[in-house]
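Letters A, B and C mark the chains in the order given here, with residues in each chain numbered from 1 onward.
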Amino acid sequence: MSIAELESREIQLERPQGLWSEAWQRLRRNRGAIIGFGLVGTFVLVAIFAPLLAPYGPREQNLSLVREGCCPGPSADYWFGVDALGRDEFSRILYGARYSLLIGVVSVAVGLTFGLILGAVAGFFGGIIDGVIMRLMDIMLAIPGFLLAIGIVAMLGPGIWQIMIAVGVVNIPIFARLLRGAVLAQRENDFVLAARAVGVPRRTILGSHILPNSISPLIVQGTLALATAIIDVAGLGYLGLGPQDPATPEWGTMLTDTIRYLQTAPHLAIIPGIAIVLAVLGFNLIGDGLREALDPKLRGRA
Amino acid sequence: MRTPLLTVEDLEVRFGTSRGLVYAVNGISFDIAPGETLGIVGESGCGKSVTSLALLGILARNGRVTGGTAMFGGRDLLKLKDEQLRLIRGREIAMIFQDPMTSLNPVLTIGKQLREPLQVHFGMDKSQADRRAVELLEQVGIPSAKQRLRDYPHQFSGGMRQRVMIAIALACEPKLLIADEPTTALDVTIQAQILELLKTLVSERDTALMLITHDLGVVAGMCERVNVMYAGMFMETGSAAALFSQPRHPYTLGLLQSVPRLDAGRRQKLMPIPGSPRNMLSPPGECPFAPRCRYEVEQSRQQVPPLEEIEPGHQVRCFNPVPADEWQRERLGGAA
Amino acid sequence: MLRFVVRRLLLLLPILLGLSILVFLWIRALPGGPAQALLGERATEEAIAQIEREYGLDKPIYVQYWRYLETVLQGDLGQSVTTRRDVTEELRQKFPATIELAIAAMLFSTFFGIPLGFFAAKRYGGTFDHFSLVASLIGVSIPVFFLGIILKYVFAVQLGWLPTVGRIDVLIELEHPTNFYVIDAILAGDPAALWDVLKHLILPAIALGSIPLAIIARITRAAVLDVQNEDYVRTARAKGMPPAVVDRRHVLRNAMLPIVTIIGLQVGFLLAGAVLTETVFAWPGIGTWLVDAIESRNYPVLQGGILFVALIFVVVNLLVDVSYAFLNPRIRLS
């Protein structure tokens, strides 16, 4: 206890840095986070430059390769082997990054936006509004996320946009709860009371004071939500609820039906899965690193 | 003076932190005799708590004793292995801590927590231990002791909880009781009661008491001898009477001066000690108090002054000690 | 404590009610309308009109909801479009399979997760700790179905140690009074059957339970680290308590509080994950039932399945809350 007090006293004598630069410093030193950035960076680059990197088109079929049955494994011409319709697995994986990235980002964006609005409103205005919104969120949370997504897809029909919306909606109550908690905690803070005492209108307080301070848990949760979104989307794809065109190179969809070929062509099942794991791992590493870097309890310590 | 129970010499404790080594305790020596009450006074962060934790071998993970000896019952506590120390903890040396709310396990009954040391050290069975536990609770002044055994910590008030802590500490009749800021977390009115209780109990049992605190008032009422600690070292040691009437170290003087007095006039300025405590990330190379000291001389900035006897039984660590009558003059004539 | 439980139960009701409304509206939002949903692909104009009259679909919506609620509460969830059997009947047949799998996965994850987290905390900063953190991170990054596929490939296809699909070898005869195959085998006093059933459980349980294992291990580690620094642990050590007792009675007892909460949260994950795991291992539980229902647009089944799952989820959460209250004397005694 005394050493901690001593250290904190000592730190006050040094020049204070902003929350962000401190956090950035801590993040930079986190080996896991660096690996995470590497993985995610690769993932994003692959998604963007897929057409340049892929030796073949994602839908290009070469049925002569599978005339004798499924399926040739990795070779010099086809680095990751070939699938049941003679398509190059490597190219499909590269293009698949686009789908996972796009779907992941859009769904989290949807969940974040609506969740933010609902949560901020509920937390800030309190009363009946808070009660109604939160009850609704509780009900949504009563169904396990993935099942809720399945339900929504059942309602909307299968397809890429539908799973984006489904996963997005599943994220809404999570962000709403998070933001409401942050807003509630801030609302009673002295600086908010001070602003009100001077007559700053409520929506300005919300926008300029409360929201900026609530950002850190949001960033962490957003990153982790991206990781979960990619997994959920792959899951929905695997169940056949994703892009209905089987030629679409979405990683989860690429895994559907590969069980049949486990004996003869295991690479079809293993490789897309590894791609998913690496992408998700990257986001999880970053999210963890961010959580540690932004932890207010660690402020003022090295 | 009787043969000391515990003799500590040149104790050094360091902590490894991400910002480097913290030199928490830098060579302190003291002893305590049976039945004696020794006070260790100092600001937060001076290393007083660390000292007692080091003696019992319950420092935090990153803490290490890097020097010194602590002779107790013919053995050096600092060299004992954990299994050996364990037999001493709670049995021969017991400790009570600052915050009774967090120092008691919230999911266990008081009875259970009282029985633990009795069962472990004396091998008592449940009914024997319960009987003794009831005795102990009554001795610390908790009514309806038998029923209270089944209660949980959150069902007691702050003062009561500290009484329970005292009961637990005295359960095995230890020879030495270390009380680390026992009243700091309590209301002022309760503080006096707890201190009275402690005083009575230790004198009844002839237990040695090491009282660690930052509160001069607590020390004045309780301790025969006082050691003033700063930056991991003793700055002044002696009898309470001597220190309070004739402090010789500028730090001790400063501490006494900074206490607001009811009998001072309304226009009397408060006299805090200027500056902040020393950065403990480096071993002391000069008098640690020098940067804040009115009496510093050139030598203060060059070496650490040794702890020397300035009068029988009264030691000071200073190159330019305060004149013996300085404090009395200030008190009687009004502060400068 | 009793008041606490009652209060939780009462809070549950609006949620269950809300759920029923949600599912009710959901049925109506399905493509083709509820009549089509009930009839599936055999819907002709007259059939639709007849259903609408029969089910009072021409009445105002709140009347419809009321009737719907009545039927559901009476246990009538409609008929499966594909098999024409009562949904409730099929549910009763299939849910033991899923529950058995979920319990096995839960046992797996807690049995290995808690000690893993505990030892990682004890050896904080050491190689084991780092290894456990890395393993946990990778663990939560692997989709359940992919892990299932990999496990299947390695242990069933390549090594042949364990069976690939189903709950029991087709050649084994076993009575199924409870439809919980493990219990059935025990009741029949048939050790060979029991062993076979367990062999079939292993891979799916591991696949399903790995993510909860990773999460439980991490939470245990964090909780133990936190609790270890608490003052009362210091007091226990200062009293001379042996390290094993300190760990068990002081550290773990208090660390269990957040751990139990997290374990409860994993149930939702297990139910969702079961859907995916069952498809990999052709496990005849609710998961495969629902997946088939999606493909065949078997809406009564979907409705029944989702309601059932949500009900279980909510009930388990209640149980978790109650056990938390039980473990925490501050709540237990209020």
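Brief remarks follow.
The rule is simple: a contact is a pair of C-beta atoms (placed from the backbone, for glycine too) under 8 Å apart; a residue touches a chain by one contact, two chains touch by 3 or more.
Model, not experiment: these values are computed from the prediction.
Of all chains, the one whose mean C-alpha position sits at the greatest distance from that of subunit A is B. No other two chains have as many C-beta pairs in contact as A-C. Taking each chain's centre as the average of its CA atoms, subunit A and subunit B sit 53 Å apart.
Taking the mean of the C-alpha atoms as each chain's centre, subunit B and subunit C sit 54 Å apart.
Computed centre separation for the pair subunit A/subunit C is 23 angstrom, with centres defined by C-alpha atoms.
Residue positions of subunit C touching 2 or more other chains: none.
The residues of subunit B lying in touch with subunit C in their complex are 56, 58, 60-61, 82, 86-91, 94-95, 97, 99, 102-108, 116-117, 120-121, 152, 154-155, 165, 168. Every residue of subunit C that touches subunit B in the complex is listed here, in rising order: 124, 229-232, 234-243, 245, 249-250, 253-254, 327-330, 333.
Of all residues in subunit A, those touching subunit C in their complex are 32, 135-136, 138-139, 142-147, 150-151, 153-155, 157, 227, 231, 234-235, 238-241, 252, 255, 258-259, 262-263, 266, 269-270, 273, 276-277, 280-281, 284-285, 288. Subunit C makes touch with subunit A in their complex at residues 14-15, 18-19, 22, 26, 29-31, 137-138, 140-146, 149-150, 152-153, 157, 268-269, 271-273, 275-276, 279-280, 290-291, 294-295, 299, 302, 306, 309-310, 313-314.
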